[in-house]
Amino acid sequence: MQRILNDPDNIVNESTAGFLRAHPDIVTTTANPRAIQSVFNHDDRVGVVTGGGSGHKPAFVGFCGENLCDAIAIGEICSSPTAQAFLDAFKAADRGKGVACLYGNYSGDNMNVKMAVRMAKKEGLTVKTVVCNDDAASAPPEEKNKRRGIAGEVIMYKIGGAAAATGADLDEVIRLAQKAVDQTRSIGIGLTPCTLPAVGHPNFEIKPGTMEVGVGPHGEPGMEVCELETAAQMAERMVNVIMGDDLPLEAGDEISLLVNGMGATPLNELYLLFDEAAKCLEEKGLKIYKSYVGNFLTSMDMMGASITVTKLDDELKPLLDMPCYGMGLKQR
Amino acid sequence: MKFKNANGRPILLKMVEAVHENKQYLGDIDGLIGDGDHGMNMNKGFVTYGERLGDDETTFTEGLEDLGMVLLNEIGGSMGPIYGTIFMEMADAAMDEEDITLEKFGEMLQAGLDGLYGIVDARPGDKTIVDTLVPALETIQAASAEGKDFVTALDEMKDAAEKGMLSTKDMVAKYGRASRLGERSLGVQDAGSTSCCIILKAMADGMKSVME
Amino acid sequence: MQRILNDPDNIVNESTAGFLRAHPDIVTTTANPRAIQSVFNHDDRVGVVTGGGSGHKPAFVGFCGENLCDAIAIGEICSSPTAQAFLDAFKAADRGKGVACLYGNYSGDNMNVKMAVRMAKKEGLTVKTVVCNDDAASAPPEEKNKRRGIAGEVIMYKIGGAAAATGADLDEVIRLAQKAVDQTRSIGIGLTPCTLPAVGHPNFEIKPGTMEVGVGPHGEPGMEVCELETAAQMAERMVNVIMGDDLPLEAGDEISLLVNGMGATPLNELYLLFDEAAKCLEEKGLKIYKSYVGNFLTSMDMMGASITVTKLDDELKPLLDMPCYGMGLKQR
Amino acid sequence: MKFKNANGRPILLKMVEAVHENKQYLGDIDGLIGDGDHGMNMNKGFVTYGERLGDDETTFTEGLEDLGMVLLNEIGGSMGPIYGTIFMEMADAAMDEEDITLEKFGEMLQAGLDGLYGIVDARPGDKTIVDTLVPALETIQAASAEGKDFVTALDEMKDAAEKGMLSTKDMVAKYGRASRLGERSLGVQDAGSTSCCIILKAMADGMKSVME
């Protein structure tokens, strides 16, 4: 394993230390080493929190920042943060107007958030949650509660953070973040597995010459394994899954298109995939109002990419357009 | 037969020791169809609890409560809430008791399982911890109903837990990382069911050592 | 080769198309498909141009933007842009105040820039150049003209772009960009080779278990190959090379520290390396005034990282602090 | 002996053909110690020039000038300026000539080499194009000094270019990608010196075909 490491069991502490040291203009510590908070104190806002396992940078700490999330709970590599970390993130984010916890649908995160919300309640803190389940490849529409959250989480944070920045109350922030999730569909294609530093060999297998359609960010099984395709074919395949899902997308609809790299795929190739996906979507009459291309929610050294389509309207557009400033998303 | 709740220390220590001794083994099993960190995760939580306990005495229920809190607050992932909930619910079910009887222990295990079912969707046959915990619980309940003595019941529970653990070899994983493998997860024992078996056996041995 | 491609020979056209489509708020076309320009038209400024081979994204197109470069010449994968592309970038950037061409020291780029400058002169355009040669590992200080430009180029663009934004004239922009280069030292460590899409297999070899100290972004030979070290050891080794070079760095000096990923190294590990390097530098009494961590100048799917130290002063600090907005560098 | 500068077309076409036919071969040689794109790079430039020329006539010097411009403006990298400069400088050295004599051709090659030396640091022995170009030039100059006829001189130049090309096998690369390999670049012929040999031979054959 050719990686930059000291003790693989200590990587989360060390990289968190580096993150805090590098970005004092954006983030700072909390009492809990596994929770960080943004330096922007807006006393009149609902707090926005997320969290998840490590190894997905910029997610999740990169989405801590102005008009994004106010605090982040940090887990071990590919492992949910503790309930305590979520609780401490809630406390750091709370300004007396309640906390919106926006997170991804994984069983560990579900359990720990649930416990943290219960603990918060005992301490008199109101926390409401939105669970992102944008991965259209991870279960059929009838079983949406089984769907994973993938790069659509970025759109959820953006909308949720912007909603809080408008001064909206907790229920309104939750409604808008939930709306962002409901209007968002994603699908990824995995080209190589990733290697957990503490394990030292690939976590699962994707045979060279094949690709795994719908693979999850920890190697969760996808829809199918098929022969490696061209970028144009991959884009068409992904767009077809999204267009064939239960979110009505019709000619004339305005959308945002986000192409997310899984970590080790060269940026050149993400732009190439973006171009192909955009062409497919425009052929179907959709209008791309806003574009994001880059590494947002990665799986360490996995190769592959996902696309995320969000159907926009007059309520979501200004929220998506609002400036924000986090390490993983800067917009003006 | 029963044991004093106040005599919790040796029981908890046995559990800590057992997990610590099996760190490598649990990691290896998890490595076959998971990511190989189960031993590390469990060891981290249990050893932290052991260090916090230090030379202190503890009741069995307090010990379970504290251990559960450590797991919940220190190891995260799925194991934190899963074992945290099991132990904390077990503790809750007998917190004010002076003595732990076989019947009471059955109630504790039932509470642990109920708590677990409140947070996971896995049920028997899904190749998880549940496949060890359920037969163990059923054996204790049956022994209690049949009026068997506590020690016999514990020995039977150890066998049942082991059988439950081994039965996961013939199952296809539906939850956790191993679910990725589908049919290919057949033939390999589940890591969580293994740690659960190791913990239940150590708990039983600890309880036997303070049995009155 | 597990990658997202159509025709490997057409990847530059396709990914440039995607880049232009994704960022219409920052960049737009020129008459030459191999030159792009920023949308920010500041009529009273010196034009700033760079360019280089493709496969290094965000470099070089990501540094086109406000208060950064005004136009970029685009080459094939790992191959210098044509003289014509540089010339067309000069023309796009020129506002009648001359053009500063800030580029990296590679023989192809040197030749093409030289020819382009000659062609520009014939057309009445004044172009002056700064060649970045920050890679302290690529030649001894006595042969600085042989040193490669690596991630220090980012600091050169930042300073050069900011200098132009202050309204400085061409000579002043050149002086400041040259000063940024003179005050900057970098060194990289390669952990894996990269694969050119048109070739399909790794371009050179780095044996697992070893690392190549001082490797260039196209696999140019480094100072030495040694056994893979811990992050702390790598950081110490790199800091020692930089501190041992001819740039005087003394206790109390203020610096910027940039950690650059070569493409496929997880961001977690870059932050870990940043933390170690920062600790080493602070132990030597240096003060880190500004930090950058991320993928700035990559080599497609290469693993590894470089560190870049720039000695700051009262002239460089405000220029480094100036807000900027390009895909690869956003600062406020 | 001499040929009419106006009869450039067959010479340029021969050069285009030769590069096109050797695309794969040049790529393979570059693949051994470089990145394998030399055939593709050269082919792209030469074929583009051939297409631009179409059915038009061209003088030899105009043709070299146009080819040089295409290489410079279309293929980038190092090959664009290197071959671009060589051809454009060769053209400049005889632009107004009606006839190209052996002596003139020697001057053209000298101008090409001088132009090249103006932009690269490589010299004979560095395992580059230079190792083909220099012996070719020296042979032409010697033949011219000795009063040999043009065709004989061209045949001698072809041999010299080939020897020069082969001599790169025993050299260690100092420039370009292959320099990474140091001593390990020994034993393999240089790609640039190979393309240069192929081009000079084609040029010679073309010149012979219009010799008067």
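Should a chain be cited, it is by its letter among A, B, C and D, assigned in written order, with residues numbered from 1 in that chain.
We take it that contacts are C-beta pairs under 8 Å (C-beta built on N, C-alpha and C of every residue); 3 or more make two chains touch, one makes a residue touch a chain.
Computed from a prediction, not measured in an experiment: that's the story for all the values here.
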| Identity of the chain that, by mean CA position, is farthest from subunit D | B
| note | Cα centroid separation, subunit B vs subunit D, in Å, comes to 79
| task | Express in whole angstrom the distance between the two chain centres, defined as the mean CA positions of subunit A and subunit D. | result | 55
| message | Roughly how far is subunit A from subunit B, centre to centre by C-alpha average, rounded to an integer in Å? | response | 34
| remark: Note: subunit C sits from subunit A at a C-alpha centroid distance in Å of 29
| Touching two or more other chains - residue numbers and ranges from subunit D | none
| Is the way these chains touch best called a line, a ring, a star, complete, or other? | line
| message | Going by the touch rule stated at the top, which chains touch which? | response | A-B, A-C, C-D
| remark: So, in the complex, the side of subunit A touching subunit C is made of residues 1-6, 11-12, 14-19, 21-23, 54-55, 57-58, 191-192, 206, 208, 211, 228, 230-232, 234, 263-276, 278, 291-293, 295, 298, 300-301, 303, 305, 325, 330, 332
| In the complex of these two chains, what residues of subunit D are touching subunit C? | 31, 35-37, 40-41, 72-78, 80-82, 84-85, 119-121, 175-177, 179-182
| So in the complex, which bits of subunit C are touching subunit D? | 9, 34, 53, 75-76, 78-85, 107-108, 110-112, 114-115, 196, 198-199, 203-204, 218-221
